[in-house]
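Dropping a structure here in structure tokens format, bear with me for questions.
Going by the order they are written in, the chains are A, B, C and D; count residues from 1 in each one.
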Amino acid sequence: MNYSRTGKCPFDAMNEECGVFGVYSPTKKDLGSMVFYGLYALQHRGQESAGIAVSSGDGIIYHKGMGLVPYAFSNFSLNNFPKSNVSIGHVRYSTTGSSNILNGQPLVFTGKRGKIALAHNGNIVNSDQLREELIKDGIIFQTNIDTEVIAALINKYSDKDLIEGVKMAAEKLIGAFTLLIMTKDVLIAVRDSYGIRPLCLGKLDDNIIVSSETCALDSVRAEFVRDMKPGEILVSDKNGTVSFYMEKKRESLCIFEHVYFARPDSIIDGCSVYDARQKSGRLLAKKYPVEADIVSGVPDSAVVAARSYAEESGIPYVEALTKNRYVGRTFIQPDQKSREKYVDVKMNALKFNVEGKRLVLLDDSIVRGTTSKKIVTMLKKAGAKEVHLRICSPIIKHPCYFGIDMQTHDELIGNNRTEKEIAEELGADSVRYMKIEDLKEACSSSDLGFCMACFDGKYPMPVDGKDKDKLRLK
Amino acid sequence: MNYSRTGKCPFDAMNEECGVFGVYSPTKKDLGSMVFYGLYALQHRGQESAGIAVSSGDGIIYHKGMGLVPYAFSNFSLNNFPKSNVSIGHVRYSTTGSSNILNGQPLVFTGKRGKIALAHNGNIVNSDQLREELIKDGIIFQTNIDTEVIAALINKYSDKDLIEGVKMAAEKLIGAFTLLIMTKDVLIAVRDSYGIRPLCLGKLDDNIIVSSETCALDSVRAEFVRDMKPGEILVSDKNGTVSFYMEKKRESLCIFEHVYFARPDSIIDGCSVYDARQKSGRLLAKKYPVEADIVSGVPDSAVVAARSYAEESGIPYVEALTKNRYVGRTFIQPDQKSREKYVDVKMNALKFNVEGKRLVLLDDSIVRGTTSKKIVTMLKKAGAKEVHLRICSPIIKHPCYFGIDMQTHDELIGNNRTEKEIAEELGADSVRYMKIEDLKEACSSSDLGFCMACFDGKYPMPVDGKDKDKLRLK
Amino acid sequence: MNYSRTGKCPFDAMNEECGVFGVYSPTKKDLGSMVFYGLYALQHRGQESAGIAVSSGDGIIYHKGMGLVPYAFSNFSLNNFPKSNVSIGHVRYSTTGSSNILNGQPLVFTGKRGKIALAHNGNIVNSDQLREELIKDGIIFQTNIDTEVIAALINKYSDKDLIEGVKMAAEKLIGAFTLLIMTKDVLIAVRDSYGIRPLCLGKLDDNIIVSSETCALDSVRAEFVRDMKPGEILVSDKNGTVSFYMEKKRESLCIFEHVYFARPDSIIDGCSVYDARQKSGRLLAKKYPVEADIVSGVPDSAVVAARSYAEESGIPYVEALTKNRYVGRTFIQPDQKSREKYVDVKMNALKFNVEGKRLVLLDDSIVRGTTSKKIVTMLKKAGAKEVHLRICSPIIKHPCYFGIDMQTHDELIGNNRTEKEIAEELGADSVRYMKIEDLKEACSSSDLGFCMACFDGKYPMPVDGKDKDKLRLK
Amino acid sequence: MNYSRTGKCPFDAMNEECGVFGVYSPTKKDLGSMVFYGLYALQHRGQESAGIAVSSGDGIIYHKGMGLVPYAFSNFSLNNFPKSNVSIGHVRYSTTGSSNILNGQPLVFTGKRGKIALAHNGNIVNSDQLREELIKDGIIFQTNIDTEVIAALINKYSDKDLIEGVKMAAEKLIGAFTLLIMTKDVLIAVRDSYGIRPLCLGKLDDNIIVSSETCALDSVRAEFVRDMKPGEILVSDKNGTVSFYMEKKRESLCIFEHVYFARPDSIIDGCSVYDARQKSGRLLAKKYPVEADIVSGVPDSAVVAARSYAEESGIPYVEALTKNRYVGRTFIQPDQKSREKYVDVKMNALKFNVEGKRLVLLDDSIVRGTTSKKIVTMLKKAGAKEVHLRICSPIIKHPCYFGIDMQTHDELIGNNRTEKEIAEELGADSVRYMKIEDLKEACSSSDLGFCMACFDGKYPMPVDGKDKDKLRLK
């Protein structure tokens, strides 16, 4: 199975985003443990830091730590959390080097409505403008994360009522956001009006659960109820669970959730991630056949697609690459010079399988092209006669402003190149990308339409045409 | 790809053993870095501790640490190592709970031949007797690892010459051992006369390299030269490289290297691990067909075999299980009660794929059966109509005394049960194991014969019929 | 010498407060290092966490960590700080159990005047009210430290100008506060209008330095210039150094700076801490003589006074108690039951010196009385015939609201007891406290008047008569 | 009080040695805790590492860690230790940079007499020769600490009986050694025939306790019984406690125990450390009077002596120097350049006290002279008109081979200089050392004679005239 992409990051990869998990229970229970397990199952969405907040009678208790979930909690006993009615958690991935516990989430703050914890997955396009406006209002900021802007905005509009405040804030926010908000006795979940990031609803006994992906529901043995709707604000408290809806916008689920981010055992808005990947492979086989001896996939995320390519084409599936499972973000290079050896440490060509063979190699996507180039070179060195790349997504031509770490036009290998030029650049014998229509077809069981702006430039909302690296100079 | 089994351990698994990597260079170089990368590629053979020793003019400098290679060296700069002629490294897996840096390797000691570093992969059957004899000779022991016994034994016979001492010691040792030994200017590699554990020879420019597996040669871009022969003692120093040979014994390469331990991109004694697994799947399909809708493999090690089972049978391959890549030995359970949720955190059934399906599920082996039982239960709960287990190795009926953590007859589910009884025990609709002949055939390209004592009880050497748990009471 | 009181804390002690150190340099220099050394010398004022902020062209870079200064910076190289014009640092002592890096200082925030770092020593009496008002203004709070309230308040009034904002904020604050504030190119130092906490000015080449105590000036070889005046706001930038003054209030330097907090080599507002302690001893000898064989002081802070008591009385000075220098806050008791052995571990009676002797024992103060009781018991057990306590400060009858951890009337042994009753309670043969007039005389070289509210209840500003434990329920 | 000298080390100091603490109880108890507290009280004798071993039915369980006692045990719960009959512990100081947990003690080993734990305080002069002989016997060594040599030697002679082995080994050892040895049911304590290092016997209920110093007996509320005799081998087991005696040698208690090492509240062989220091000051005053305004002592170890100098001379005692209590071995210098500022950070002159004064300054000893030089310079800079050094021990002219880190003749400032030349070198107005006879007189209540070889070159045993740096090249 194929959802772990951490290992790929050092080379050329979109970075993962964040994951959220929350629960409301009408009776006081050990919710911290449940959220811990939920975050564990969402670990692939963020490995930088993890945090859990639980309500405690008159307040909120929380713990955040750096690293994988068990590391983040290695010095903190979950028994320190009281039995409670509400708990939310967050795993974070950050694209900045200065990762820092002060930027960890949930963000816990005290304002007009008392103590509130907030967890956010997404990226706010207008956070700079909002921050400036809030500063004019007299707000001070202690971090540079969007979450703090959202917190201040919610607080700004919460004079009478928190839910009203959440709604008004959500309407001001431009960008992608999935929010979990808790007070000492209420759980609020928000999915932005575009539905860019996933959020689903589950049930376990009398607990109401919200989670970035269904796989985390499975991990705590909860039952899937339904996906949250774009623009939905769900409120759980002692009076039950009700939903409010904001104005609908163009449906824009990030299609990279299917291509790359989500765990294959998750089902997002009605579409199985596994199924979408399988269909992608089949479509690539139909559209871009090539005479070859073997088919293979770059582990882990392209293996499912590669196998269905093989089935469809009748060319046998054979592993061409093996991956060192233990290479992670913790890798500390002995020194600069030995860095170039890195890719050999991370992935290895199976010479036995590829020698003298014409190979079709599937990968999920190509961002900068550096990893792809190394892989092609490695396979050729291992004796592959031909390497034909088949990519399970269209050419990435535009930056993403909604949470994927593809920052500027210039860094994208597909920005101004044809498939032929890309093949040349990578040293591959051919490179073919999926067409946008085909990717749509692969994901056609989705109840929701997609954002494919990185392929077609059609952003679901105005983004000022700014490259993200400018946006990041906060 | 499929070599990572760490995740499986908490349930029911053979534990990995150790890995060794060494290099001799006629000119002084930064060898520490190279050994670091080599160990990195052998990480799957041991995650408990790692260590590297390098020669330094008149002595040996070393560092050992707990955890994965990068963790073990996180507080130690490889730049502290001088340029040198010899370096050896070791990754360790221990079967005892009291893992301890004092038990880390290489073991560095000073005796008749000056300062020596020793790294060992294997298990010595007569270490208790040897220890007792050495104690009678006046030796004191500071650890309970076999390596210390081997060190004392080598020293005992080294009055005139280290190589002579190594040879004589090797002849006294009963069991499995792959040894790397270094002084300030010599590298010695030993493979036991049975060839139980693998050891291969490589070359990079003028460096001579020895490694547990070929994948580590690839990782440092070295060229594979040949496998070490059973009973071979190879010596590299400024005069070049020569080999001595001990009396030949019955060829006994541990067949579990192919079934489970080794990385699939390694080639051991002429036989590709990947190929052996692929053939296993094919043979299982021929011998134990079953009417089913889908075929799948337990990730990671049974996926290759499952895919060839699918190809051979014509039943489509579909993932039935997904694995949380981030679950490792670092997992700290919140508390005892939540432990039972563990398996859901670690592996998840792909309901979408298995619901209503008759499933053939391949696994590499069954030791105690506890994991298999959980997996079958999970798949049935996810809606699988039938689960037919096909195991890529014969029934394990006997303990191993050579380094695999299967300790007593009693714990083995296959000890006194028929396939039918096992199926019942696991809740599976059928369970079929490979026949010994078939496994041999799958590995028939091996230049070396195999030890299959855990299946047939034919130990290559007398083991006193003792269960390992008694042996471990040192 | 006598300024370390950490060791005493677990028993019965006022907790230390905080220390601040800042520097402005007209040319860019390695200021981080200098602040590091400054904090090192102020370590006695706070051991919980330490932090340093330095300006960096267009912003502020900072690091905070838990523990003593070198620990807090053990994972951070000071070389990461750029050469800069401004830097401030802070050592923190907290009275709450939940010490937390999120509460560490300096607090760095972005508001109307851009990026600002703020370090605070003191305690704000009206912080709850201010917090509530600021929440009404729309502010959100992420911690419960006063510093965050001060930051928001400064920002609130900084529409046009930061200095104006600092001034207006300072006028709203009721309580004790010594503030260091920096932007990327300005250093501002504030001493509250009462002068409750000390702050002095130094010079090293062209650097302007501000520090809680003069000992830190000495430690970086800077020259003492003068003490900051109560109500002074000093501003250093490229245009030079100017001071603004707020309305004068009753001079109220906390007299416990002399009795207990400050390092004896510091000179505060013209009065040598060492000298004040020496005079105290002499005055106690004159006023409360007793027929005895030896005089001794509780280490470390009462030794100077005890020695001058001895000189004045003609009774020989002899050590009665020795202290384990290595006992610190890091002490982790093996278990609850062995806690009672603690005091023996921390301090030991010198039986040799006290056996059969009538002893005059000086201590700096008595808060709850628990330590004093243990010490008297220990000395009697060691054979002391009589133990006469002489205390270098008056009876503490009232809580402190300005930064000393004496929280409620009830916990104070002196609250409702006469000296005789206290002696009885402690098992001492007599207890005599200094008179307020005498303590004033001992400190008469001070340029500033004192706050002695804990003795006389005359708070320099209205404190609502609330016990501090109520105030702390934020 | 004055026993902490850690802080002084970086400048110019003898390094501390080790401390041992052991207990035998006829009934099984929580002895680990008691040893923990004992070591805590002996912390001044070694801060590098700490370890505790306890018997456990059929074996020995132990834990060792780096740093101060509470740090060394911060990741280990003392509850892991079973109730037991025997336990020993060790705090270690090492003079080598490469401090290493592998060198920690107690050393636990298995030999002819089963499992044994060994803790050692002292230094073996002939350890190189013994090591070589043992290597010839076939022994291998894994560390370069003397303790391993002693362990092998004890084992060598223990064919029939452990006590016999200990005795024979002790007779082979040349040098200083205080040993604690335990099996699962016996405690053995050894003090070398010269009595170089102290060892005393205590009692708590039915527990027999041995400790380096009496202060540790006090800390666990045990009763002092008597000092161990030079050459005594004490054995405690279920049959009671008996002593064996080795041949008597010249009594040679290291006089530096009184001058510098021991805690002032300890009484060693009948002589109070406090008393010896007090008398030293008095004698210095009588022999080397000087016209001066104030007397002071270098904190901490010279304060007692300085005070009695003041009393005897009639010149008032005043602190001239204050010490930063928080400076420890954990100090990590920001960088090389800022190292020179170090001494200001560690100690500070009390300008207020010394300005314009003629000062008599007492120190315990002068080894290399570097610290003394810095102190004199600092005092002069602070305005002292004259600085007269009075040293509480004679001129050190010879290296120590018994555990004090004074390694070669060349490094000793007193090696070839007169008092006048030394004064010149240090910038002092005069320097006078105690005479050997006077130091003897100060310690005249000792039941034991002293080793004063560092003053008079009369080593109690042959030391081959080798400088220690040669001896250390093991």
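In this section, a residue touches a chain if its C-beta (ideal position, glycine included) is under 8 Å from a C-beta of that chain, and two chains touch if they have at least 3 such contacts.
Here the structure is a predicted model, which is why all the values come from computation and not from measurement.
Novice: Just to be sure I understand: going only through chains that touch, what's the smallest number of steps from chain B to chain C?
Specialist: Tracing touching chains, the least step count from chain B to chain C comes to 2.
Novice: So, comparing C-alpha centroids, which chain is the farthest one from chain C?
Specialist: B
Novice: Measure off the straight-line distance from the CA centroid of chain A to the CA centroid of chain D, and report it in whole Å.
Specialist: Going by mean C-alpha positions, chain A sits 60 Å from chain D.
Novice: Averaging only over C-alpha atoms, locate the centres of chain A and chain C and give their separation in whole Å.
Specialist: Roughly 48 Å, centre to centre.
Novice: Could you give the separation in Å between the centres of chain C and chain D, each centre being the mean of its C-alpha atoms?
Specialist: Chain C and chain D have C-alpha centres separated by 35 Å.
Novice: Going through chain A residue by residue, note those that touch at least 2 other chains and give them in order.
Specialist: Chain A, residues with two or more chain partners: not present.
Novice: Pairs of chains that touch, anyone?
Specialist: Those chain pairs satisfying the definition are A-B, A-C, B-D, C-D.
Novice: Mind pulling up the chain B residues that touch chain A in the complex?
Specialist: 1, 3-4, 6, 32-33, 36-37, 40-41, 43-44, 47, 68-71, 73-74, 77-79, 215, 218-221, 263-265, 267, 272, 274-275, 299-300, 304, 307, 311, 316-317, 319, 321-327, 330-332, 334-335, 338, 341, 344-345, 348-353
Novice: Under the touch definition given earlier, write down the residues of chain B that touch chain D in their complex.
Specialist: Touch residues, chain B against chain D: 101-102, 107-112, 135-142, 144, 151-152, 155-156.
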